[in-house]
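Here's a structure for you.
Labels run A, B, C and D following the written order; every chain starts at residue 1.
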Amino acid sequence: MIAIPFDSSQVMQGIASIAPEAILVCTAITVLMADLFLAEDGKWLLCWLSLAGVLAALGEVYLLGSSRIVGFSGMITSDGFGMFFSTVVLSACALVLLMATGWSERAGTQKGEFYSLILMSTTGMLIMAKGTDLMTIFLGLETLSIPIYVLVGFQRSRMTAIEGALKYFLLGAFGAAFMLYGMALIYAATGTTKIPVLVYMSVGGGMAGSSLFLAGMGLLLVGFAFKVSLFPFHMWTPDAYEGAPTLVTAFMSAAVKAAAFAALVRVAMLLFPGVSPAIGPVLWVLAVLTMTVGNISALGQNNVKRILAYSSIAHAGYIMVGLVAGDLLGSQAALFYLLVYAFMNIGAFGVLMLISQKEDDGYDIHNLRGIGFKYPVLGALLTLFLVSLAGIPPTGGFIGKFYLFSAAVKNGYIWLAILGVLNSAASIYYYLRIVVYMYFMTPEGEVVTPHTPPFGYALALCACAAVVLVLGMIPGAVLTMAEQSVLSLLM
Amino acid sequence: MEPILFTLFGAIAVGGALLVVTRKNPMSAALSLIMSLFAVAALFVLRQAHFLAAIQVIVYAGAVVVLFIFVIMLINVPENRLPIEKPTVYRLLGVVAAGLLMIEGGLASRNFSAPATAVGEVGSVEAVGHALFTDYLFAFEVTSVLLLAAVVGATVLAKKKI
Amino acid sequence: MMGPSAYLILSGILFAIGAIGVVARKNALIILMSVELMLNGVNVAFVAVGSYMGDPTGGIFAFMVMTVAAAEAAVGLSILIAIYRLKETIDITELSVLKW
Amino acid sequence: MVSALSNIHEYLWLILAFPLAGVVLNGIIALVAERPLLLPADGHGHDDHGGHGDAHGGHHETPAYRKLVAFIAPGMIFAAFVVAVLSVLQLTRMPAEARTVVQTLFPWIQAGGLSVSVALQLDPLSSVMILVVTGVGFLIHVYSVGYMSHEPAFARFFFYLNLFMFSMLTLVLGSSYLLMFVGWEGVGLCSYLLIGFWYEKDSASTAGKKAFVVNRVGDFGFLLAMFLVFWNFGTLNYTDVMAKIPSLQHSGILTTGLATAITLLMFVGATGKSAQIPLYVWLPDAMEGPTPVSALIHAATMVTAGVYMVARSNALFMLAPFTMGTVAVIGAATAIFAASMGICQKDIKRVLAYSTVSQLGYMFLACGVGAFGAGIFHLMTHAFFKALLFLGSGSVIHAMSGEQDMMKMGSLRKHTPITFWTMFIGTLAIAGIPGLAGFFSKDEILWRAFSSDHGSPFLWAVAAVAAGTTAFYMFRLIFLTFFGASRMDKEVEKHVHESPFSMTIPLMVLAALSICGGWLGIPAALGGSNYFEKWLEPIFEGGHKAAEAATEAIGHGAMAHHDPMEFILMGASVAVALFGIAIAYYLYMVRPEKPAKIAEGNPNLYRLVYNKYFVDELYEWLIIRRIVDWSIWLWQMFDVQFIDAIVNGVAKTVRSAGDETRKIQTGVVGNYAFSILLGAVFIVGYLIWR
């Protein structure tokens, strides 16, 4: 019998490293329990309760700060990098919950399960972003995915929702299997799954000759590529986004993408340099194809949700540009862009949720006719978010794209930058199309009447708009933060 | 002894897997899946992973596939309403692609070699338990969240009235 | 003499067969089983590598994969039940309202 | 007071702050006061006005908020103008080599080796620009108050207009390429909003879209150029970039190839914004917007941003002879090409639009032959007379109750004397009649196109023919509009009236500027001092120095200012212009009436006269009609069919490619999984078999 040693300082350190996650899980369970005891007209409390938990977790993230805490024998590390992505994910979650205050009622998601699933998914995201062991990354991925599969199909009486859930689930499991196979091959090649050890082994091309390791990295990349929806692993995206309740779509597009990119950036910054001559071209091709396919497919769409889904694919391609560049600046730009992207995308979905009357048909672009002048604030907000998505100054989207493409130019990927800028130019067309419908198309019949957002919802929209604008005009602080967090990763 | 047993159980596992993907009736597929899973459990024993072999039988073959069978019987699609599946070029391409992946995986795996010193008492209940509650405690805890999410999710989607 | 790579190759074969099932079948239930098959194939690799290396990670990883597989099966099957209630089919080619 | 003035440069930010305040105030007013307009209950009134709101009779009480807007919007611009004038005056008192004032407002981006502040730079070049932008902008704002007085969305209009002014001033006052780009995008957005202002018109919203899409192609070039500058210079500030050129040249980083790449990409950006071949297509369509918008954005300010960018980067352009050649050739080609298409237009605003494209071509021609000062000089004078012409045409349209077809005008001279005389002055100026603004700037360009190291007689000849063509079509416009018999609808004719003072006073001021504006730059050959060129010299001498260093050439010394050739060419260009006017006079004043009159009075005589005129007929048939036909053909074939087809074709191809790409999204999970599997096979295969 081997006694398990108990080292209280290590346990404390471990608990400290996962304190935000612990808060989230506790909140999730509390919400589930509270749901049992609350009367139907008291359910609105659940949302605020969840929000309080998320904000507490966010506060805890900042209490922990960017100091490095290695927890649980190196399974998870709380550091500046984790802090950055925790901020992104938790703010996205908080925004979504704020919007849920005015939305759940009519969407039928005013339920303890809904909120606890969101919270558990967020927990998974934090774990994935902070994981320093392939196992942790995998478990984080699953913990974030399983609730999302369910959330996509939450309005299960709607055929599109449940169909989207099925597709996302089957492909998600399929994609996760690839990632797992990759991890197994990496493990076979190196005998470890701990990222720091892998870095030690692969640095300076130590593993570049091992086809086992290369194949493992390739399959790992496939898994990540699926989650961040890179071509040709992107096909689930439009379907799942369209089918899901819009609030969940907003959450997925911002938070899931950020978490998956967090792990991808970690792996890319730490492990890809060791195999860069092999994997560099792969990333290059993926970035270009993803941008192009995403943008081109969005051109002829009439469903606004699908447009934004394809746009989210294209944006994954832009962010990949930063990873192709592969240096500090590139990753920093990717981080910054993910933050901006979270806010502008949630904002855009938030406005659309108010305008659309119902899921599915409600998101037809024709419903936007005449909105712009009749509801100037909504119109202006949506225009702002779309302008930012299109990468036009003075919005955060522009700064992000500027950094991404200039990182590419700096590292000699001129053609990548050219293709990226061309793509960005093409993407204007479909963002603009939405604006044109809002402002320049006369409505056939009545202009739809958007829902009046309650206070929390309006607050979320204003916060998104403010962040998008502030990051466009004074991005310095956040850029520095992104830089610091990438540096803390490289330490 | 190991090569012979490996070949035997490996063949059963592959055969069972092939049956899973070729059977028209999901029930036969599920039973073939059990066969394959049992064979894999035997392989685990060959690699001295006794604990995992037990778990494989109890959790995988026992619980998961039973769940499958339960659902198959619950929704009980009549034989004549099962999807009609014919060999098409697309399917052939799928097989070819999967075959290519297999060849690639095989080529990559070919030069896998283990350090000669390795002695494995890592698969025993005690060793696994020790690792699970020391180095991998966190992973173990995360699975609890994962399972909770799965329970809540499954209820939300499958119960009659929410 | 059989080398340790034989287990990895077997793992690849099981994985590929599972992949064929996912790509080629129309019956959602069988697709789900094929995914389980793929995960199972991966487990063979983890366990074999772990035991050859004398490292517990492989075994633990396989253990985690089983847990995940169980969770995925539960969620996946409940999605199927919900679908069947709504549309009385588990044929994925009939479940293609969302496209383009 | 003196102390406040002595450091007026510390208040440079006010030039931006005033329009911004206007944006905010007008935005609030638009939201509060014009909100009812946006609601469907009042939708009818909106439609009635919006459709072709240029002019409507009917007198109604002006609401107080409209008076407020009418005061705020031009007032803010005027305040900015005052600050600009004071700043420039102080700049003139500084020694020539110290005339660069940079005011840092706040740090913007400081990370990853990039350090960009929001900073304003006042130097001779930007001082010219801000004076033109605020000055002409102010006049156009005043004019708009009258012109848009019947527009229901009055505050919204001025909100956009002030927003435009803010962006444009950011563009010209910013101290770095990044800030220029911000302004560049901003003006593009405003231009798009204002072109589509009457969005109920389908053509208006399509035109707006076209402008935006075409401009993106240009922006693409600008962005890439900016990246290249940043990674080779490590900075985007103009002063730092210019300062680093010698050392980078020395260290071999800044090769001719790099300079060519950067400048060509910049020029792609400039062709988009400044409507040069092949990206000029959006400008004629942009005339769907209200006329003051055409005057402000599509004639005087925004479209000259490309010229400003090229002039701003002159030091880089001088290092790239190939780009210089391209700029010159494109400029000259655009000048003649657009001028020839102006000949056949019937819509009064489209004539002016093609004319703008053509004049912008002149400016680029000047830049391309290294005469950046002349280009900027022409930019300024063009802003005066083209704004005048556009506003005049707006006044005409106003008088004609919205009619824009010149074939339905005529004899307006009697009804609208002020408009006629001011437009006549503008026409003389653009035609290059000696003494007026256009003469000096255009002649400077023609002379430099001929004499500069980068120039050639061929470029001169092209530009001179374009000048003659310009004179022709501009006088055609004048004759068709103001002279001859009335071809107006009876109904319209009853209402023809001179515009109110708020519209005519800006016309008169601009007319005065169109006369005197050129006197700043009277060339030495005519006994002037060419003050304008001297003023800009500090900006452009850096470029010439750098170019000399690159070619290792010994300085060419001062340009030979007293070359007798200059007088000959000057005379020739004036002669060409007069010839153009003469043809226009003959065709549109003499010819159209004579045959008809004679035929009425005496059939025999008619035949005689007809025979006598037979030579003329032949001549006309052989040459003049051919030219007009050719112009129409060119316009139809090239502009409408070819270029439009390319633009639309590319859009259509991409879109149908998109529709095809989407088709792989079959909706069947298995196919999606297959795609993932294939992707994995390719990636792993590449990695292990590489």
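Just so we're on the same page, a residue touches a chain if its C-beta (ideal position, glycine included) is under 8 Å from a C-beta of that chain, and two chains touch if they have at least 3 such contacts.
Predicted model, so just to flag it, every value in this text is computed and none were measured.
**Student:** Comparing chain centres built from Cα atoms against the global Cα centre, which chain wins on proximity?
**Tutor:** Of all chains shown, the one whose C-alpha centroid lies nearest the global centroid is A.
**Student:** Suppose each chain is reduced to the average of its Cα coordinates; what separation in Å results between subunit A and subunit B?
**Tutor:** For subunit A versus subunit B, the centre distance works out to 30 Å.
**Student:** Measuring centre to centre with CA averages, how many angstrom lie between subunit C and subunit D?
**Tutor:** Result: the chain centres lie 64 Å from each other.
**Student:** Just curious, how far off is subunit D from subunit B if you go by their C-alpha centres, in Å?
**Tutor:** The computed centroid separation for subunit B versus subunit D comes out at 70 Å.
**Student:** So what's the Cα centroid distance for subunit A and subunit C, whole Å?
**Tutor:** 25
**Student:** What are the residue numbers in subunit B that touch two or more other chains?
**Tutor:** Within subunit B, residues 90, 94, 97-98, 101, 104-105, 107-109, 111-112, 115, 130, 135-136, 139, 143, 146, 149-150, 153-157 contact more than one other chain.
**Student:** When you check subunit A against every other chain, which residues touch at least two of them?
**Tutor:** In subunit A, residues 135, 139, 142, 146, 149-150, 153, 156, 165-167, 170, 174, 181, 185, 188, 191, 211, 214-215, 238-239 touch at least two other chains, as defined above.
**Student:** For subunit C, jot down the residues that touch at least 2 other chains.
**Tutor:** If we look for residues of subunit C contacting two or more partner chains, we find 8, 11, 15, 18-19, 22-26, 28, 31-32, 41, 49-50, 53, 55, 57-58, 60, 64, 68, 71-72, 75, 79-80, 82, 92-93, 95-99.
**Student:** Make each chain a node and each touching pair an edge, then name the shape: line, ring, star, complete, other.
**Tutor:** Graph shape, chains as nodes and touching pairs as edges: complete.
**Student:** What does subunit A use to touch subunit B in their complex?
**Tutor:** Within the complex, subunit A touches subunit B at residues 1-2, 4-5, 14, 18, 25, 28-29, 32, 71-73, 75-76, 111, 113, 116-117, 120-121, 123-124, 127, 135-136, 139-140, 142-143, 146-147, 149-150, 153-154, 156, 165, 181, 185, 188-189, 191, 210-212, 214-216.
**Student:** Given the complex with subunit A, which residues does subunit B contribute to the contact?
**Tutor:** 104-105, 107-109, 111-112, 115, 126, 130, 133-139, 142-143, 145-146, 148-150, 152-157, 162
**Student:** Using the touch definition up top, name the residues of subunit B that touch subunit C in the complex.
**Tutor:** Against subunit C, subunit B makes touches at 2-3, 6, 10, 13-14, 17-18, 20-21, 23, 26, 29-30, 33, 36-37, 40, 43-44, 47-49, 51-52, 55-56, 59-60, 63-64, 67-68, 71-72, 74-75, 77, 81-85, 90-91, 94-95, 97-99, 101-102, 105-106, 109-115, 117-123, 127-128, 130-132, 135-136, 139, 143, 146-147, 149-151, 153-158.
**Student:** Would you tell me which residues of subunit C are touching subunit B in their complex?
**Tutor:** Residues 1-21, 23-27, 29-30, 32-34, 36-37, 40-41, 43-44, 47-60, 62-64, 66-75, 77-82, 84, 89-93.
**Student:** In their complex, what parts of subunit D are in touch with subunit B?
**Tutor:** It is residues 670-671, 674, 677-678, 680-681, 684-685, 688 of subunit D that touch subunit B.
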